[in-house]
Every structure is written in structure tokens, then in C-alpha cells.
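Notes follow once the structure below has been shown.
Lettered A, B and C in written order, each chain numbered from 1.
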Amino acid sequence: MSLLEVSDLDVHYRRRRGRLHALRNVSLRLDPGETIGVIGETGSGKSTLARAVLGLVPPSSGRIVIDGEQVSSYGKRQWQAFRRRGILQYVFQDPLRSLDPDLTIRESLAEPLRIQGRTGENVRKYLDRVRLSEDLLDRLPAELSGGQRQRVAVARALVSEPKLILLDEPVSALDAANRVKVLELLKELRDAGTALLFISHDLGSVAGIADRIAVLYQGELVEDGPTRQVITEPRHAYTKLLIDSVPTLRKAVTA
Amino acid sequence: MPRRVLGLLSGRIAVGVLIAVALLAILGPLLAPYDPLEGGSDLLAGPSGAHWLGTDYLGRDVLSRLLDGSRVSVLGSVQVALVALVAGVVPGILSVYLGAVFEWVTLRLADTLIALPFLVFAVAVTALLGNGIPQAMFTVGIMISPLFYRVSRAATLAVARSPYVEAAIIAGASVGWVVRRHVWVKVLPPIAVALANTAGVGFVVVSSLTFLGIGVQPPAPTWGGVLAADLGYLTFRPWAPLVPTFLIMATAWACNLLADAIRDVSGAAGRTLLLEKERRRVAA
Amino acid sequence: MSLLELSNVRISLHGEELVHGVSFALEPGGVVGIVGESGSGKTLTCRAALGILPEGITVTGGSIELDGRDLDGIGAKEWTALRGTTISAVFQDPASYLNPSLTIGSQIAEVVRVKLGLKRRAARERAIELLGAVRLRDPAEVYRQYPHELSGGMLQRSLIAAAIAAGPKVLIADEATTALDVTVQAEILDLLRDLRRETGLALVVVSHDLAVVAQLCEEVLVMRAGEVVEQGTVEQVLHRPRHEYTRLLIEEHEAYGWEKYLVSS
């Protein structure tokens, strides 16, 4: 059984004149432990896809099934109950704003557990897992660097032991050293069996850890296949353009 | 929070003054040396051994009137603040969360209240609910509540769309959780400041209503009432308004000081301060 | 003779040195790349060459020579005369460099009128010509549009048009493609390459992404914390990196990027 199954998903926003189709007929499957990279540029609908899977945007039509539950038909209460199972977590792009500036790292980490009614005492080990010192537990986000904060955000996503983590441009705002650290971490998670849905505008940064690549273009899924195949034999013209556009060191030297 | 406020010198001073004001409100009527309503033959007398603050135009002892009036004044002010707080802050925060209809209705209500002429409204309410101090204070509180509504709504809106609130929602948090855990701390400081401003306004408004015979009936003393009476006889006792003015100002000033202290210690800045202290204590 | 030559340039803020000696020489039609993260000093170096260092920050050592002229101690008037006509620049967030309430065309025409002294009509024609030169599809239409009507890529093209309006010899592109989509970034990089070929424009390309710089440049400087940690031809830097930081940048691409798929294909 798939962990995440999106079928024929349509999302449109009402505008003053007519409708804006953010997503059109998108179907996507993700098996347990699998990592998929969803690539899309500005206006591709990638953020809408993430928000729809998270239940923050209602689908106009189509189905979303997560871990056997058809969440696309859920109301507010059912969503809340589903979310408290802790199956699904999210890591945001902007590490500066994704932690409450008034809460200590300990409190931020414990929050998902406390929402579930658990004590949230045992968050220490998750800092270890993202290779941060336990000394940071009683600090405030403002005392941490951007890279540390993003690793705390990853740790917060881990405390409920989710089966699926959505990542929205998790390394775009970081410098090279921290990008490598966070990517390393994500690779470990993948190897430990957590499914990742990695959303990015940059094919280059996703290719290294994704089993499969899906390409969104103007709200439609134009390509979906194993990473190697998508990169070496892209079928859609847009994917080809995308691949030609990514700056690589190799191209630079052979050009 | 209280511990952190008291950690600041300004917080300690503010709390000290406010405790003194509270004691005055509780014990004032008992301490009054004369009957505050009993007139004497000595009109508009200067300070003397018998009358420390002199007498007013009916020969009543000013000190007794101020002491006796402090309970009504302070209670009235507190009531104004509480009514404004409940009527403004609660719908202000909820307007962000309870959907478009509630939002629209409360926004229009706030606009309407701002547009209503204050005195006409006060007269209408006393006609409806009867004349008395609670009714008058209730009216004033309602009239001020749009300020609290706006302030708390703006602060809530700023927090509501932030990623950490979305992260909490994705973890299954309810509206109540989000408000308690994330919103409240950010809304509190601006509300505290608004509240402090309101407390000062409360004293003055009570006295202006007294002129119209609304709320406190003229013979009964209040700080504002004594001030108003003193202003009428400036030529005879030019220094007299200073004493009630000082009481009102000191209270309002202490409220503002407290609000500033609350703002300084709440939020990340205040916590850093405290965490630093604790760390140093642990290290020592 | 070099067009732009920096020798051992040091930049300080109130006695605290932020950039510890940068040297490079840009030949006519040449391209020099600077790689580094925010805080590495790459942007300060560029700003020094443009005479637009922030308040309190000054060049405290070395020399900058532009088109055979030492820039040490020249006045504000001379800087204004140099900027646009000899050296020019484009930056990261194009929208913030345009006035949202004026049309794109009027803002470019203004540059042309001030810098080249053209009359209104001639300036308009020249502006449309420039918008065409940066390969905007319908230059006359873009001329009449406001910034909010254009995409990020189109705005950056417009700014490049404004930057080259007065025929500068050197163009500094400081993170000029960072905020853009990958496909748009490729187009802008192509445009810069073509401008260089067609007009002999010399480029200084600044980016946090080694691959972007490597694609366009012959010589690369890798900066970190105000220090040039690596300098040489692209070949040297990519194949024989000497500094640990350069190796990290390369490793990032090879281990987490998709270079590994390209190797096997």
C-alpha cells in the first residue's frame, strides 16, 4: 500500500475574474520509505501541492490518501485528529521564521508531542540526531545560526516519529556548509526508512537524494520517473530545458 | 511573568505605587478624619492643623473627600479597564480565527462604537440600565473597547500567518492551543500599554460624567470630582487642584510604567534576560 | 593594460578589517568570477570598485584602477561620471531597484537622457533598442509597462538594459541570478555571455554558487570571511582545489547534486 496517494488532484483559487488553476489533474504516489523530489519553478503549483497534502488548502476535486486515510474528504475535526497521529510532518524553507522566537528550543521540540497530550520530555535525543549540542535546549531561536535553526526544525519534524516528511526548499536559505549538513541529515532519514517529499525549484539540489523525480509545470505534472531516468532521458520538453539550465561543474569544464 | 516584571527596577516601582493606590482604595474611607459630605462654616480654607488640605466651597474637608473617594475612583477605573479588556480583546483575537462572518460583524461593531458620540451613548445607556456607577463604568468600558479590539486583532494577525503557527496546526494544534501558546505572548505587551493608557483616562471620564449627573451622584466624592470642584475656585485656592491631579497622575504613570515593564520582559527579549540570569546562577 | 585592476584591496569598518586583500585584473572582454557566501566580502569588494561602500566602510589599503585611472580619493562628481559610462552593475533583487510607479521605459530613458544627453524622442528610441538588445520579446510593449507587470527575469533584463545604456566597459553582476528560477537564470547567463561576445563588455560575476561562476568565467576567486582562499583558472580551481572550503563546494555538487548521474551517463 502506498503511504501517500494523490489522484486527479485539482486545486483552483477563485479570482475576481474567473478561476486560477493552481493544480490540474495531478496524480502522485509515494511508497513507505521512498524519497521523491518534486521540482517546480515560480507558478508551478508546488507550494499548493504541499499545502493541499497538509490539509491547509482544500482540493477542488480529486483524492488524497495518506496512510490509508482519505484525508481529502476530512473536515476540520477529522484533520486535527489525523494530524495528532503524527504521521505527517513539515519542514519550512525559512529557518528564521519557522521557530517561535518566544519559545526555547526545548519547548519548540516538545510542542508536537504536547499537542498529542504526551509529556514531551524526551526531546533531547532528537537534537543528537540532527547533531546539535544539548546545550542548545534552553536557548532561544535568536541565539542560533540559520543552519542550526533549520536543523532544529528538522528535529521538530522528527519527534513524532513520522512516516512522511514534507520539505519545502529546506536548504535554499542556507550557506554551503549548512546545506551539506542538512542534506546529509535528510539522506540518513531516508536510509532509516522515513519517506520524504522534497519540494524544490532546483533540480540540482534534489537529484542527489531523491529516488524519483516529479516535475511540475504550470500546475501539471509533466514528468515522473526514477531520478536517473528523468535526468538522462527526460521525456517532456520542459524537463529537458530544466536539465540544460542547471549549472554544473562538469558542464563548466567541458564547455 | 510576575517574577520577571519584579526583576526590573521600573517594575518594582510601578507595583509599589499601585499597591499604595490599592491600599488607599481599601482603607481610604476608614482613614478619613471627617465626614466627607458634612459641610462646615469655614469655606475654602487653606491648609491648617484641622484641615490638612483645606476645605472646599461648602466647607467640606478635602483630605476626607479624597480619601473617601479613592475607593470609587479606583474601582471605577479598574472596572472600565476590565470591561474594555473583555469586550475588546476577546473578539479581537477571535476575529482572526472564527471565520469571515464573525470577523465582519465585529469589525462593523467596532466601527460603529467609534462613530457613536460618547455622551449621547452614555445618556442612552443610563436611561436604559438605570443610573449608577457600574452602569456608567460599563458604558465607558464599551466605548473604549474598540481600541483593544484593534490592538489585539492587529497583533494576532501578525502572528497568525507565521510558519511556526502553521507548524503547530500541522502537528494537530487546536485554535485554543495556538492562542495560548503562540498568540497570547505577542498580544499581551500592546494590550498592557493600551490598558495603562485607559486607566488614566478612566479617572477623568468618571468626573466628566459626574457633571452630567451620570454615574457618581454629585455629593459623593471622587478624585475627578474633587479636581473638577477645585478648578471652579482657582482664584481662591490656585494650588488646590495639584493634590487630586497628583493622585490621578501617579496612578496613570505607575500603570504606564508597569505596561512598559511587561513589554520589556515578555517575548524573546525578556526571556533572554531571564535565561542569561539563570545560566549565570547555574554557572556560579 | 587591464580594464579593472584591484591590487591587495583592503576594506575596513572603523578600524576592523572586513576584506583582507583582494587582487585581480580584468582584461577588456574578460570575465572574473567571485564565489563566496554572505559575509565573505565579495559584495564589499564590488561596491568598492563602484564607489558605493556603505556609510563608515572605507578602502584602507591597496589600489583600484579603472580604465587606467587610480580611483583612490576621487570625488563624488567623478564617481558619478564613471558609473554607468565606464563601470556599471546589476544586483540580486531587481524589483527593488525600480520605481514601482514609473514605467520601465521611462526609467531607462531617463538613464539615457542623463548619461548620453539625448533628447526625449531619441532617448525613447534608444531605450526600446536597449530592451531589444537584452532580448525582451516585445520591447515597445515592455517600454510602456510597470514593474509589477513583469516577471523577475524580465525585470532583471530591464535592469541589465539600464546598466548597459551608457555603454560601460565593465559590468558587475552581483548575485544577479540568485533570486530567479533555474531556467530564467540560464537565460540571463546566456544573455551576459552574448553581451560580452557582441559588445566586448568585461564582466565580474559574483555568486554563492560555484557552478554559476564556473560556467561563465575564466578566472575564479573563492572568498571566505574576507579572505581570498583560492584563486586561479576555472580548470585549476575545480580539478586541483587547494583549500578545504573549495573542496566542500565541489563535494556538495558531487555528492548531493546530480553530477553523479552525469558521470555515469
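For this structure, a couple of remarks:
The working rule: contacts are C-beta pairs under 8 Å (C-beta built on N, C-alpha and C of every residue); 3 or more make two chains touch, one makes a residue touch a chain.
Fair warning: this is a prediction, and the values are worked out from it, not measured in the lab.
Chain grouping by touching, computed with chain A excluded: B | C.
When each chain is reduced to the average of its Cα atoms, B sits farthest from chain A. Closest to the protein's overall CA centre, chain by chain, comes A. Chain pairs A-C and A-B differ in how many C-beta pairs are in contact, and the one with more is A-C.
Mean C-alpha position of chain B lies 58 Å from that of chain C. One simple way to say how far apart two chains are is to compare their mean CA positions; for chain A and chain C this gives 33 Å. In terms of their C-alpha centroids, the spacing between chain A and chain B amounts to 48 Å. Counting partner chains per residue, chain A shows two or more touched chains at no residue at all.
For chain C in complex with chain A, the touching residues are 37-38, 151-152, 181-186, 189, 208-212, 214-215, 234-235, 238-239, 248-265. By the touch criterion given at the top, residues 54, 56, 80-86, 88-90, 92, 94, 97-104, 108, 111-112, 115-116, 138-143, 153, 156, 160 of chain A touch chain B in their complex.
Residue ranges of chain A in contact with chain C, taken from their complex: 41-42, 175-177, 179-180, 183-184, 187, 201-205, 207-209, 227-228, 231-232, 241-242, 244-253, 255. Within the complex, the chain B residues that touch chain A are 162-164, 166-174, 177, 181-182, 185-186, 266-268, 271-272, 275, 279.
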